[in-house]
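The following pair of complexes shares a single chain, chain A, combined with chain B in the former and chain C in the latter.
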Partner chain A sequence: MLEITSTPLVIIGILGTVGILLPIISIARKEQGSNTFYAIIAFAALIVSMGYVGYQFLEENVSPSALFAEDVVVDDAFGGFFAIAMLIVALFTTVGSFNYMRKHNSPAVYYSLILLATIGMVLVAYSTDLVMLFVAWELMSIPTYILVGFRKKNPSSNEAALKYFLFGALSSAIIVYGISLAYGLTGSTNIGEVIQGYSTLDPSMLPLALLSVGLFIAGFGFKMGLVPFHQWLPDTYEGAPAPITALLAAATKKAGFAATIRIVILGMVVLHLDWTLALGIIAVMTMTIGNIAAIMQKNISRMLAYSSIAHAGYILIGLAVAPHSSLGLQGSLYQIMNHAVMKGAAFIAIAGIVTTLAVTHIDKLKGLGRRMPVTALGLVIALFALAGVPPLSGFWSKLMLFGSALDAGTALWWAPWLAIAGVLNSALSLAYYGWLTRKMYFEGETEKRVIEPKSVMAIMIISTIFLVGFGVYPEPLIKFVELATPVLSLGSMP
Partner chain B sequence: MTNELVDFTLVSIALLAIGIYGLAVKRNFIRMLFAVEIIINAANLNLVAFGRFIPDSGGQTLALFSIAIAAAEVAVGLSLIIVAYRMYQNVDIADFRSLKG
Partner chain C sequence: MADAVFLALTVITIGSAIAALEMRSLIYGSIALMGTLGGIAGFFFLLDAPFVALFQLAVYVGSIAVLILFTVMLVKRELIFKKIEDRKRKFAGIGLMLVVMVSLGAVFLDSGIKTITTDEPAVDFRDIGTDFVTYYWPALILMGLILAGSVTGALVLARREDVENDQRVS
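So, the complex of A and B:
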């Protein structure tokens, strides 16, 4: 039985209460404006939740990473790790929306939806029951459909929302179908019992079990933007309001990975199937297609959207080799935390540029280093961290991922090729990040400096401190990742 | 009147196939939404049938959750369609092409 002070319940309590109260307050006050007021309330709620997660970790009230539990949610280090990553992104989004929302109506609804979506993402990471997972998945998805279409008068925002909605609804339909098959085969919706049921399955039922795991990969893959399921992603990231793009790219994508680690990876292990090759092929395709398409883009949001697809591929390397190398899942989790900060910061920088200069075309970004020095510096640091340039934090996570692929080479002959593909892709991505940096710093005439939004500057400074700090001194973060990584062995079965 | 599990499963797989066909062929947004709903209902039928034959009440509980959530999802989807219709005077997905690259 879960205690009332356990982290997931407290987060639901805080964020849910504030998220529901915000629109009620706005109706009671009978006014539209005062974006500041609602932003500060939402910010405070997120900071308190984040503080509570951190407090639980420091007090060591968190159980070690257990992939299974009898309850529907479990208060373990794995969920806490994802909760921290998602709350960081939600904070970035809230602060980054501060200037962006000045021009838009109904701020109370906007911040309330961000908080509700955050509850959903955090619960996906904590849930150990398929029913809970599905409800949390929808709680995460439905608010983001509305947030993507929040600019009602803008055709591209509408189109982005429609495409995102269609693929999102399809992904949840596929997930329910997968859950229904898993339930029919094992007679339970608890993830631990499902995995145990799979390990003792009658061989004649194996195709159905395969189908259910495949449906889970497809359903979660839509949100993660893996390659056969990625078509909606660039359109949605381009058309959505820029702070919401940060939420989608850095947080909802991670929820997909959390769910995949909870279900698919163990399902693969107990079904004794060689899914690693399939996941490895998807990983290489995702990286390559993402990076090659990113080179050709002229719009900065779209370029980062494709680079976000490529990063899903890097993270998938760790999942693919997870059964054969203990470093695999650690590398994935490390990259997930870094990617949350890097992508969050990069898209918030774009939000700042869009609010101040109203440009997204890359040629119009000439001389950005002189017009908006702080934003440009934060963006460049985030981009180089994404490419994995030492000594930034992104370098260590990529090193761990590619190292895990080499480590698995003793069991899988093709695993080192994953590392080679990853290194080549990182070099490729450095080409377009470097090109963008050259445009921002070494081209253009002597433009005048404009006033940068203070909220965006604050995020740039925090993300730079995070990326450089943990790049120079990565031990604390690596320890945290090791604490959060679940042990993939059948001995941990219930 | 048969009462076998396999009949329910066959109907469910047929519904899944119809849903996927609808998504692949239709270009009207509302029809595509129908197709997605058909897939969700195929899963619900599976859940209720499995729950009866296992026997266990968990499947029916999940089916109820999934029906309620699907209703919320459709409400959001239709509101997005209404906003888009005001702008484009059309709900054909082929006409939405302001985003490209």
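So, the complex of A and C:
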């Protein structure tokens, strides 16, 4: 029985109430310009939600990572882990928008949509029912379609919104098709019952079960930005308002991974499907295409968009080898948490640069280290953490991911090649991160310091503390990852 | 009989969908969309789900399609974007669609789905309602939030920024 004090319901209550009230308050106050007021309310709602998730963990009110439950949501450590990652990014986005939204209208609706999208993302991670998962998926998607097109008079924002909407609608349709097949085959929408139904399915129906799993991979793959479902991503990230890009790259992507782990990976284990090689190939293609395309970019938003595609490939390594190595899922979850902070910080730094200097072309970032020293330093640390440079936190998650591929080598002869591909791709990524760093610190001489947005500086400091702190002392984060990692076996079923 | 009705509905639904996409006139396109939505209602009737079918007719054909029609009539024609033809992309898209449809059809035909028979009664709409307020109640709340977000977002996107607030009131 679902407790009214369970974390997902409380998050719906807090963020949903504030999300609905913000536009109503805006109408009541008959003012459009009070950006800070709405930003502070949204920030407070997110902090309270985050505090409640943390409190539930500390009070041990959270069940171990269950993956299945009798209700449509479960208050487990897996969902809590993703909730924390997504709430961090939502906080970054809200704080990073303080300055950005000063020049734009309708701040109340803007922050309201961020809160509603956050509920959707968090609830995707907590969902244990396909209908609930789909509704949460839509709650995550629809507000972000609007947020991407928020700069109405900007053609690139319009193009980004249209592309994102069309690909998003297609991915939703594919997911619904997968859900309808799963329901038709098993007579239930509860993920536990669906997977139990799959395990006792008549052999003649297996192609349909296989098709439903394939449709889920394709549907979630769009949001995760896996190759070949990634075409929308660079244009959308480039055209969207800069803080919203952080939300898309660092949070909605993670919802895709949460849904994949809940359904696809478990479905594969139960159906005894050997899709590890297929996922491994997609992982290598995604990493390589993402990194090669990133090297060729002249616009920093597009460069980080392709880097984001590459990172989906790294995370997929862990999922590909998960049935054969316990480190696989742990590595993926570890990388998901780190990526949320690293990519969130990097895109908020870009938001600060866009707001202050109005440039995104890499050549125009010469001397950024002198002009915006705190933002530039935070960005460089995030970039090096993305590359996996020790002793930053990104190093440990990549080490765990590549270690899982080597660990699975006893069962899968090709698995160590994933680790080799991952290391080579990390080296490749260091080339363009290094090039960007050189532009910021070793080129240009006449630039003078400008006033940096305080909100962006605050995020840079917090992300740097996270990345360096958990890089030097990673044990607490590793323990949290272990707690949140579900066990991939039929024994975990209700 | 059911097969013939199914085929007829399929032709109506897919044909109208293609027409809705291809028509240069937005008015005719909207009317074609009504055909697609009506065809889907026919499928629901065929699947012994009259409650859902009537909702499909009332909500989609009756209000949403009519709303789209009115919106199209109210919008200035010169504001609608121009259609840019790219024949290569068009044929690539049609080719990809055919590949996907043939592949999906092959999977269905290869499975044992044709052997399935069921004598279970159709789901009562009261059961659907009960499920929504019991098992699915958190999903129902999320649906409300989706609607709220969609409406406020649509209002912001549709709002004309060249009109001042006092002008709007007057």
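Heads up, the rule we're going with is that the second predicted complex is superposed on the first by the 494 of 494 C-alpha atoms of A that agree within 3 Å, B and C clash if a C-alpha of one lies under 4 Å from a C-alpha of the other, contacts with A are read in each partner's own complex, and residues count from 1 in each chain.
Keep in mind that, in the parts below, contacts are C-beta pairs under 8 Å (C-beta built on N, C-alpha and C of every residue); 3 or more make two chains touch, one makes a residue touch a chain.
If you're wondering where the values come from, they're calculated on a predicted model, not measured in any experiment.
Enquirer: Classify the contacts of A:196 with the two partner chains as first (chain B alone), second (chain C alone), both, or neither.
Expert: neither
Enquirer: Please indicate which partner A:235 is in contact with in the superposed arrangement: first for chain B, second for chain C, both, or neither.
Expert: first
Enquirer: Answer with first, second, both or neither: which of chain B and chain C does A:302 touch in the superposed model?
Expert: first
Enquirer: Looking at A:93, would you say it contacts chain B, chain C, both, or neither? Reply first, second, both or neither.
Expert: In the superposed model, A:93 contacts neither chain B nor chain C.
Enquirer: For A:245, select first, second, both or neither according to whether it touches chain B, chain C, the two together, or no partner.
Expert: Once the two structures are laid over each other on A, A:245 reaches no partner at all.
Enquirer: After superposition on the shared chain, which partner residues are touched by A:286: those of chain B (first), chain C (second), both, or neither?
Expert: After superposition on chain A, A:286 lies in contact with neither partner.
Enquirer: Could you tell me if A:485 is touching chain B, chain C, both of them or neither one (first, second, both, neither)?
Expert: It touches nothing on chain B or chain C.
Enquirer: Which partner chains sit in contact with A:176 here, chain B, chain C, both or neither? Use first/second/both/neither.
Expert: Only chain B; A:176 stays clear of chain C.
Enquirer: Could you look at A:146 and tell me whether it touches chain B, chain C, both or neither (first, second, both, neither)?
Expert: Both partners, chain B and chain C.
Enquirer: Just which bits of chain A does chain B share with chain C as contact spots?
Expert: Common interface on chain A, chain B vs chain C: 131, 135, 138, 142, 145-146, 149, 152.
Enquirer: Contact residues on chain C for chain A in the complex?
Expert: 104, 107-108, 110-113, 115, 135-136, 138-139, 141-143, 145-146, 148-150, 152-157, 159, 161, 165
Enquirer: Of all residues in chain A, which touch chain C in the complex?
Expert: Contacts found on chain A: 2, 8-9, 12, 16, 19-20, 23, 30, 32, 71-73, 105-106, 109, 112-113, 116-117, 119-120, 123, 129, 131-132, 135-136, 138-139, 142-143, 145-146, 149-150, 152-153, 202, 204-208, 210-211.
Enquirer: Which residues of chain A touch chain B in their complex?
Expert: 130-131, 134-135, 138, 141-142, 145-146, 149, 152, 155-156, 158-163, 165-166, 169-170, 172-174, 176-177, 179-181, 183-184, 187-189, 234-235, 238-239, 296-299, 302
Enquirer: Please output the residues of chain B touching chain A within their complex, sorted ascending.
Expert: Answer in residue numbers: 12, 16, 19, 23, 29, 32-33, 36-37, 39-40, 42-44, 46-47, 49-51, 54, 56, 58-59, 61-62, 65-66, 69, 72-73, 76-77, 80-81, 83-84, 87-88, 93, 96-99, 101.
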